[in-house]
Amino acid sequence: MRRIFAVALGILTAIGGFVDIGDLVTNAIVGSRFGLGLAWVVLVGVVGICVYAQMSGRVAAVSGRATFEIIRERLGPRAGLANLGASFLINLLTVTAEIGGVALSLQLATSVDPLLWVPVAAFGVWIVIWRARFKLLENVTGLLGLTLIVFAVALFMLSPDWGSLAGQALQPGPPADEQMSTYWFYAIALFGAAMTPYEVFFFSSGAIEEKWTEKDLATSRANVLVGFPLGGVLSIAIAGCAAVVLLPASIDVTSLSQVVLPVAEAGGKLALSFAIVGILAATFGAALETTLSSGYTLAQYFGWSWGKFRRPAKAARFHLAMIICIFVAMAILATGVDPILVTEYSVVFSAVALPLTYLPILIIANDREYMGDKVNGRAMNLIGSVYLVVILVAAIAAIPLLIVTGAGS
Amino acid sequence: MNDPHRPAGRVLDAHLHILDRQVLDRDGVPVTTVDDLELDGIEPGAPIEPDAPPPTVAAILTGPDLATRIFGGRPPESRHIRIPWKLVSEVGTTIRLGITGYILDATWTERWVSEHIIARIPGGRHDPE
Amino acid sequence: MILSDLLGSEVVDAAGHHLGALIDVRLEISGAPHQLLAETVVVGILVSPHSRTSTWGFERRGANAPAIIARPQHWLHRGMFLIAWTDVAQIDEGRVTLRDGYERRDPVLASTAHPH
Amino acid sequence: MPESRRGRSKRAQALAPLLALTIVLSGCSSPASTFDQAIGQGVAAVETARIAVDQQLDDRIFPTTTITALGDARRELVDASTSVSETDTSTESDAALRTDLLEALALGVTGVNRARDAMGGTGSLEDAVPALERASDALEALEERATEAEGARR
């Protein structure tokens, strides 16, 4: 019973934890411009994050080594540092976007200027990281984030023309008024939103925080293989809602208030309150995860003592680094930059940085000195190799597409 | 003793198995990463006598060695932070030391940040709730 | 001497012909016993004729999975060999000279499977 | 934050100088494409405001969310007007389009402002509906005109 509960909890938190500001915004934008024409990318991204998280979770559980320790060990200090720089900056952008997302969702509930909410959100993130136990932090935000299921419910309540939605999904390609390059630009953004590296840093370091062993591998596999795909379904539902309500009114999504309009349309105030709580929890949870991830990456590269299972004074540089990150994120938001825009950039750059973080995991998952007889099987290596190519292509194409499309405008 | 065909002990490659790995202390607390290794018994520019004893690993280097390994150059002799190799108890996927890391030079920044900043913030010395 | 000063050095034979780059140093934990671990001695150097980059361990364990990484690695480091330390005549900055009649040995590491 | 945040293309330029190059490369700097983009931005904002107002009249949405949505819509409209006013034109028809476009966007701002005022207790929300409808019609007409002009240019 206890075990079933643990698995169920893990799956639920994985669903809630999958969706963050990046998924919310990118899916809503894509839905409002392309309908479900890019739903296949979510599918590709979800399988990718399953493969990636499953491998790094297994490496962490079997060898006790977290992802960034392995990146440095296998790629050496130079490539490792380039990787750290890129991952850390993207992480910082994501922290900024998530804290901004918390402020924006509080604005939806209060209509108070988000700039005033930023310090509150930032302090909230810090105090939870400083004081709360890892398990608690993971479970509460994950479960509250589950209220985002309201987007799936709303999609049903809108009773859309399922045939035309399916048509959009099954015949991928840009609509007449959009360019091919814009279509592919958003494909990469969506891929980056689904496969953000911070999720993997957090997942593998979390395995060590919770002292996983080989016995926990089955649980971890269930979390990943059930939780992430359901999170992907949620992402498609967000895009679907935008496709049904916003696309016909030619509303290109540029703000969070537009993302929740379809939910209010379908289910009124009750549904809207679920959506706002869900967005708040998902962004707050992701703000915690990304802040922790910036601490994890730095500490693991430099060999500092890290982890929430230690008291802060025993992982001093780790905590100091996170405090600095939160301050920098606040400073960026204080310039008045739109968090939605920061989000759009962070998901694209996530796709750019992905190959260097993915490659070492694929290598170590095959290294018997680390993994004993728990190395990748043939099937896993086949799909892992396919994704290495997919990730490389997406990373190489991202920047040129960003320039050609003017960031999708 | 050093015929590679008949190894007398465990054989490993310095770059592959030691460089850039985590150094943990007796209690499993991270101390640093292996930024470089110091080898004793190699005299650059001098011919090696056929019967000279082989070089040995003297110390793990950390601190400024990371920067010089990445950007080139060499830190002054006094700036090296050394962890003598004789403190190492085990070489696996990590390098384990046989002592507590808290007293080593390699952890002085951790101690400084801990004492001067983190421990002064309320709750810094307590376990999370 | 620092390990990273050795890594990447050019390796030449006694006549000065280029043989490749030093990409790793082989150690053996076998010297005089210490309190915790026996002394770790240098027993040889690994030389790759075509590349100075790291092998990510693929050459030395007969590792071949996943093929998408292993194949290019095997190709990049084709013809890699091990030189016993007793065959090394002199170390200079960025250059290692071997003795006359040095022997190219098999670089594959005996399995040291040892998860944590 | 709402007043200082700007519309998509403007914000992009502010975020990274690289994007200036970007926009030149993608040909966004010609009057026609600036107008196209402004029309799209205006339509999206006015339609958002209309949905939010409808939902408010139906009592399906929290007033705080309506106010936020209206604020976001106004920001987009103002931003679109700014980028249109700052565009130089080289033909009579482009200049005329600019004038009409600015007028239509101003109609949108008027409608949104009327709705915001009503949310604050001044006037009634129903009054905002016709104003927003007029803006929507005007923008739609301009959209057709811009498409025709593009056809003529080709």
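The letters A, B, C and D name the chains in turn, as written, and every chain counts its residues from 1.
Operating definition for what follows: contacts are C-beta pairs under 8 Å (C-beta built on N, C-alpha and C of every residue); 3 or more make two chains touch, one makes a residue touch a chain.
In this text the structure is predicted, and so the values were computed from the model without any measurement.
Taking A-C and A-B together, the chain pair joined by more C-beta contacts is A-B. Distance between chain C and chain D, defined via averaged C-alpha coordinates, is recorded as 66 Å.
Distance between chain centres (mean CA atoms), chain A to chain C: 41 Å.
Chain A and chain B have Cα centroids separated by 35 Å. Annotation: 61 Å between the Cα-based centres of chain B and chain D. Contacts with at least two other chains are made by residues 63-64, 76, 369-370 of chain A. Among the residues of chain B, those touching two or more other chains are numbered 19, 69, 93-94. Touching of two or more other chains is recorded for no residue of chain D.
Contacting chain pairs in the structure are A-B, A-C, A-D, B-C. Residues of chain A touching chain C in their complex: 62-64, 74-76, 359, 362-363, 366-372, 375-376, 381-382, 384-385, 388-389. Here chain C touches chain A in the complex through residues 54, 56-57, 61, 63, 65-69, 111-116, going by the rule given at the top.
Residue ranges of chain A in contact with chain D, taken from their complex: 107-111, 113-115, 245, 249-252, 254-255, 257-258, 260-261, 264-265, 268-269, 272-273, 276, 336-338, 341, 345, 402-407, 409. Note for the complex: chain A touches chain B at residues 63-65, 69, 72-73, 76-78, 80-81, 130-134, 299-306, 308, 311-314, 316-317, 319-320, 369-370. Interface residues of chain C facing chain B in the complex, by the touch rule stated above, are 1-4, 6-7, 23-31, 34-44, 46, 54-55, 57, 60, 82, 84-86, 88-93, 99, 105, 109-110, 112, 114-116.
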